[in-house]
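Presented below are the structures under discussion, each in the form of structure tokens.
Shared between the two complexes below is subunit A, which has subunit B as its partner in the first and subunit C in the second.
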Partner chain A sequence: MNYTLLIPEILLTILALVIILFGLLMSDKDKNMLGYLSAAGILASIIAILGTSGSASFFYFYNSLVIDPLSQVFKLIFLTVSLLVVIASIGYFKNNPHQDEYYTLLLLALVGMMVVSSANDLISLFVGFELASMSTYVLAGFEKKNSLSLEAALKYFIIGSLSSALLLFGMSLVYGITGSTNIPVIIDYFRANPLLAASSLGVIGIIFLVAGFGFKMALVPFHMWAPDTYEGSPTVVSSLLAAGSKKMGFVAAFRLLVLFAVAVVPLRLDIQMAFGVLAVITMTYGNIVAISQRSIKRMLAYSSIAQAGYISLAFVVTTQMSVAGGVLLALGHALMKGGAFIAVAVVAYMVLSDNKNAKNTDDLENFAGLSKRAPITAFSLLVFLLALAGIPPSAGFIGKFVLFYAVIIEAVARASSWLLLVVIIAILNSALSIYYYARVIKYMYVLPPTGDKIKEPTPYVVALVLAVIGTIGIGIYPEPFIQMAMNAAHVLGV
Partner chain B sequence: MALISLMIAIPLIGAIITFLTRTRQQARAIALISSGISLIISLFLLSRFSSSISAPQFLESTQWIASLGVNLKFGVDGIGLPLVLLSNIVIPLTVVFAWGETKQANQFYGLILLEQVGVLGVFTSLDFFVFYIFWEIVLIPMYFLISLWGGPRKDYSAIKFFIYTHVASLVMLLAIFTLYFMAPPVDPFTGQRTFDMFYLLNSYQIIASPILKDAIFLALLFGFIVKMPAVPFHTWLPDAHVEAPTAGSVILAALLLKMGGYGLFRIILPILPFSGSPGKLITLMAIIAILSILWGTFLALAQRDLKKMVAYSSISHMGYVMLGAAALIPLSVSGAMFQMFSHGLITCVLFMSCGVIQHSAGTRIIGNLGGIAKHMPKLAFLMMAGFLASLGLPAMSGFVAEFLVLVNSYITLPTFVILALFGIVFTAGYHLWAMQRAVFGTYNEKLGHIHDGAGYEIAAMAILVLLIIFFGLNPSPVLNMMTTNANQLVALAAGLKGVIT
Partner chain C sequence: MLYYYLLVSAIIFTVGSYGIITQRSGIKILMCIELLLNSANLNLVAFSSYNGNASGQVFAAFSIAIAAAEAAIGFAILVALFRVRDTINLDNIDILRW
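Right after this comes the complex of A and B.
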């Protein structure tokens, strides 16, 4: 068997183990190089994945893992976010004595996410989820002396465990009906026996799966953990959680629920309708609550909930175009949201260098006159916020464009007024979101600065510039990314 | 030769360089040079342009996003070229007028150049996707111009402008999606679709459902009348104008409003004859036009702030554009196009006058001014010229445009034209009344010693006034360009003659 396609996972696992082992022997100062090592490993994995991109599917370990365009595109999303986060962490955790643990956990979380995106079996899916979740629980509480960070970790842990339990229960019901944990086998079974899928047992199983994935995706009403966790975690970890690990729920739901909706005709409309309602509530709630936030991390958390609502539109029509749009927006969101949190980290650094004991470093007031104090950060955040609002030419615009377009096509083709209503609500939401994004822009560019100009630390600048290039690059030259997303959606046979 | 993309790229490059400059001297020099090069290119286009062809000229097309069928397709015809010319005249003159800007000058001039990029892109792109992107790009620099250099209520006005017009753009986008989807694929074998503007507009006719056709039409129309703006969707304009810096107001009134008008001729008129109920839609457009003309006029009459008065006069003048377009008579349509060109020049003079007065006297409230001609003779002269042009004095460009619109619209929309005539009286009224109270009469000593406008301000205004008089006496260079396209638009609607009442 040819294992070259698994090189990224193998490489990152070995790297994680090497770091934790050698970390024991290294002095605190030498540990600063571990960040560069991790970045190099992630970069190598990205290159390995880009080198093997094809449209074929390869199965491993008795069909429990699959390498196909869908898994590869999500791996690229996870790797990109992790790369940005690692680069920024080189600055954030400089001279921290626990860096070895941090990078090990981060890499293990990354491997977990990659396993989820390749999972072809309920068991490997769950193992991947748990690996990523366990690692990120610890990462969220990484600032051991900060009570907010501990609160964040605890909430994340409790809610995360609950959602895992729900997921597992849903999986057990599905296994009970079908007698298999292999996803294609399950789907084939349901296709052959649609009545079993529509039985009360099958419906309850699906509801639990939707709830379990809903927690991971932070859809309303399963979102309560997200704002607290993103606010309290170390900012670079928030970046990983919001931009990266959240997408696990999406890739899993794409693999399981989209296939399910396509295969089981009697339940298709119900699933689509359910996600239509979830999507509309999620985006509206996220945008409205974001307006009243003073903490930028909370605002970004709610905006991230709203974006999850947009991405869930992919489930509302389950066409190739809509899934492709969902993948594109997930990719764009990874860059925009990841970058935005890193920019917040720069502001925290700036505030803390003014005053060591400052609290609430992400308060809106601290962004006043940012364009004068930290021009690169301010400009990058401007790009990310406008992209999140869907202003062209940006990754956010392309993602929303394809997504909304896919839903409108279906609305016109089916002559369905409720689909049209969903799109109109999505579009109005998109306009509403400008209000709170523009407020941050106003603080950064219009209000007078409250301190002196600072020297922006190089690691942050590198991460921000990479994210800006990605965000605008996808907006200016979207063709290869659209192709990639269409190939990924094609895997699902939609 | 990719002349049009060059014309758009140069201000973009200029903007980036301007942002990076350190001194305001460098910034304004680069801004003037790059916008000036763009002007020279458009003059070259003008010299090579053939007025007898209605199809777009200097076509260039590069594939951009193959899977969606998006091409970077640019070209100009008699609808676009006059507005390209207008943009390239107004932007360098705005830079000259704002020569003395000291606050964050590099960003200020950079944003002005970005506006130029946006409007040139809108007036030349022939692909709906690209058109939409430029349409949206225009918003961001204007948001910053208002919120960074604006007046006391700049936050409210800037965000209102941004969200209001963004919502309108999104509604327009919805219609573009539907058009895109309803059009048959260009390649029936691969199912490849296209965003090509003319292709989609031509495909509009084959949509079966009249209700869907009307819905698309209204969604597009909504996108344009918010931008124009027409009553009742005009409320963002006075706020934006009052708070914007003078350069921002000039660009907003002279160029951004024309984007809405351009949409009428480029997109609305070609599909109007094939819509579900053209008669009703024409009546709707005519009603909006008359409402804008009268409502704008009466509100202008009631204003105490000179700049707000000019803002409302813009609404009223853009109403003529709508009226001429709705009348669908060759000369009313070309008159309406000429009104856009002419209003673009005239409104610059008016807003620049307001800016100079505000700067010099410290107030724009008409009642607090008085007799400023005594200390500001040059400004008073140019301002008077601008105001007379705005109220439609013969021998100035505004007269030609409004005369053409009113006389020819009477053929198909007599009732509406008679209503509009009431507006004319009051238009003359508020212009002269404001001049009399603010500029002439006895000098208001409370103002202290005020000085005349700076040389560069006066120079910019003088050039504009000369252009207004030139095109008033000799409108044919611009009007000829428009006639061929206007005739073609009217010919499309030839079957409608019986429908219009």
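Right after this comes the complex of A and C.
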């Protein structure tokens, strides 16, 4: 058997174990190099994945893992986010004596997300989910003297384990009906016996799966953990959670629910309707609540909920183009949101260097005159916020454009007025979101600064510049990315 | 026979979710999460025996191991929180809210 395609996972797992082992023997000062080591490992994995682009599917370990275009796209998303987060963490956790544990957990979370994206079996899906979730529970509470961070971790832990339990219960019912844990076998069985899928046991199983994935994707009404966790966690970890681990729910839902909606004709409309309602509630709630936030991390959390609402439009029509749009928006969101949280981390650094005991470092007031105090950060945050609002040329615009366009085509093809209504609400929501993004921009560029110019730490600047290049690059030259997303959607047979 | 197993597991699941909603002590919530996971495990094993294939039991074995790891992390977070805040009553853990 040829394991070349699994090199990224193997490499990162070994790297994580090496770091925790050697961390025991290193002095606290030497641990600063572990960040560079992790970044190098992630970079090598990105290169390995880019080298394997193709449209074929390869199966491993008795069909429990699959390497196909869909898994590769999402692996690239996870690796890119982790790379940005690791680079920023080199500055954030500098001289922290627990850096070895931090990087190990981060790499293990990354491996978990990558396993989820190639899971072809309910068991590997669940194990991957849990590996990523448990590592991120600990990461959220990493500042163990800070009660905010611990509170965020506790809330994340309780809701996260509840969602895992719902997911497992749903999986057990699906297994009970089909007698198999292998996803293609399950889908084939349901395609052959659609009435069994539409039986009460099948419907309950699907409801549990939707709820379980909904918690991971932070769709309203399964969202309540997200703002608290993103606000309380260390900012670089919030970046990983919002930009990375949220996409894990999407890739799993793409693999299971989209296939399900395509295969099981009697339930297709119900699933699509359910996601239509969820998407509309999610984007509207996220945008409206984001308006009243003073804490920027919390505002970004609600905007992230709204973006999850847009991405879940992909489930509402389940065409190749809509899934491709979902993948593109997920890619764009990873860059924009990851970058935006890192920019907030720079502001926190700036405020703490003015006053060591400052509280609420992400308050809107602290962003006043940021363009004078930290010009690179301010410009990057400007780019990310405009991209989140969907202004061209940016990754956010391309993603939203393909997604909304796909839904409109389908609405016209089906002559369906409720689909059209969903798109109109989504577009109005995009317009609404400009209000709270523009308010931050006004603080950064119009209001007078409250302190002196600072020297922005190099790691943050590198991460921000990379994210800006990615965000604008996808906007200016989208063809290869659209092609990649289309290939990924093609795997699902839609 | 399958019917009774599913009934028991549904009852355990209901007790667990009721507990998560009503209980305010961190430890009790952890216990309720264990109940939820175990009701799913019971389902898996019952279905596995009913369908006559072993993958359900393998799944249950994996999920029992995962539940143990989850409990360890949960208690670690509660201990760390207790050291900082002197309480694990969820009503008092309310700094983060809009």
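Just so it is clear, the second predicted complex is superposed on the first by the 494 of 494 C-alpha atoms of A that agree within 3 Å, B and C clash if a C-alpha of one lies under 4 Å from a C-alpha of the other, contacts with A are read in each partner's own complex, and residues count from 1 in each chain.
In the analysis below, a contact is a pair of C-beta atoms (placed from the backbone, for glycine too) under 8 Å apart; a residue touches a chain by one contact, two chains touch by 3 or more.
Every value quoted in this text rests on a predicted model; they were computed, and no experiment measured them.
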Would subunit B and subunit C fit next to each other on subunit A once aligned, or clash?
fit
Looking at A:Val289, would you say it contacts subunit B, subunit C, both, or neither? Reply first, second, both or neither.
second
According to the stated criteria, A:Gly128 is in contact with first (subunit B), second (subunit C), both, or neither; which is it?
neither
Under the stated touch criterion, which partner chain does A:Gly41 make contact with: subunit B (first), subunit C (second), both, or neither?
neither
Quick check for you: in the superposed arrangement, does A:Lys145 touch first (subunit B), second (subunit C), both or neither?
second
Regarding the shared-chain residue A:Gly276, is it in contact with subunit B (first), subunit C (second), both, or neither?
neither
In the superposed arrangement, does A:Gly112 touch subunit B (first), subunit C (second), both or neither?
neither
Just checking: does A:Pro69 make contact with subunit B only, subunit C only, both, or neither of them? Give me first, second, both or neither.
neither
Residue contacts with subunit A in the superposition, subunit B compared against subunit C
C
Shortest span in Å between Cα atoms of subunit B and of subunit C, once chain A is used as the common reference:
25
Shared contact residues on subunit A for subunit B and subunit C?
none
Would you pull the subunit B residues touching subunit A in the complex into a rising list?
64-68, 132-133, 136-137, 139-140, 143-144, 147-148, 154-155, 158-159, 162-163, 166-167, 170-171, 173-174, 177-178, 180-182, 212
Across the complex, what residues on subunit A touch subunit B?
386, 391-393, 397, 402, 404-405, 408-409, 412-413, 423-424, 427-428, 430-432, 434-435, 438-439, 442, 445-446, 478-479, 482-483, 486
Write out the stretch or stretches of subunit A touching subunit C in their complex.
122-123, 126-127, 130, 134, 137-138, 141, 144-148, 150-155, 157-158, 161-162, 164-166, 168-169, 171-173, 175-176, 179-181, 227-228, 231-232, 289, 292-293, 298
Contact set on subunit C toward subunit A in their complex:
13, 16, 20, 26, 29, 33, 36-37, 39-41, 43-44, 46-48, 50-51, 53, 55-56, 58-59, 62-63, 66, 69-70, 73-74, 76-78, 80-81, 84-85, 93, 95-98
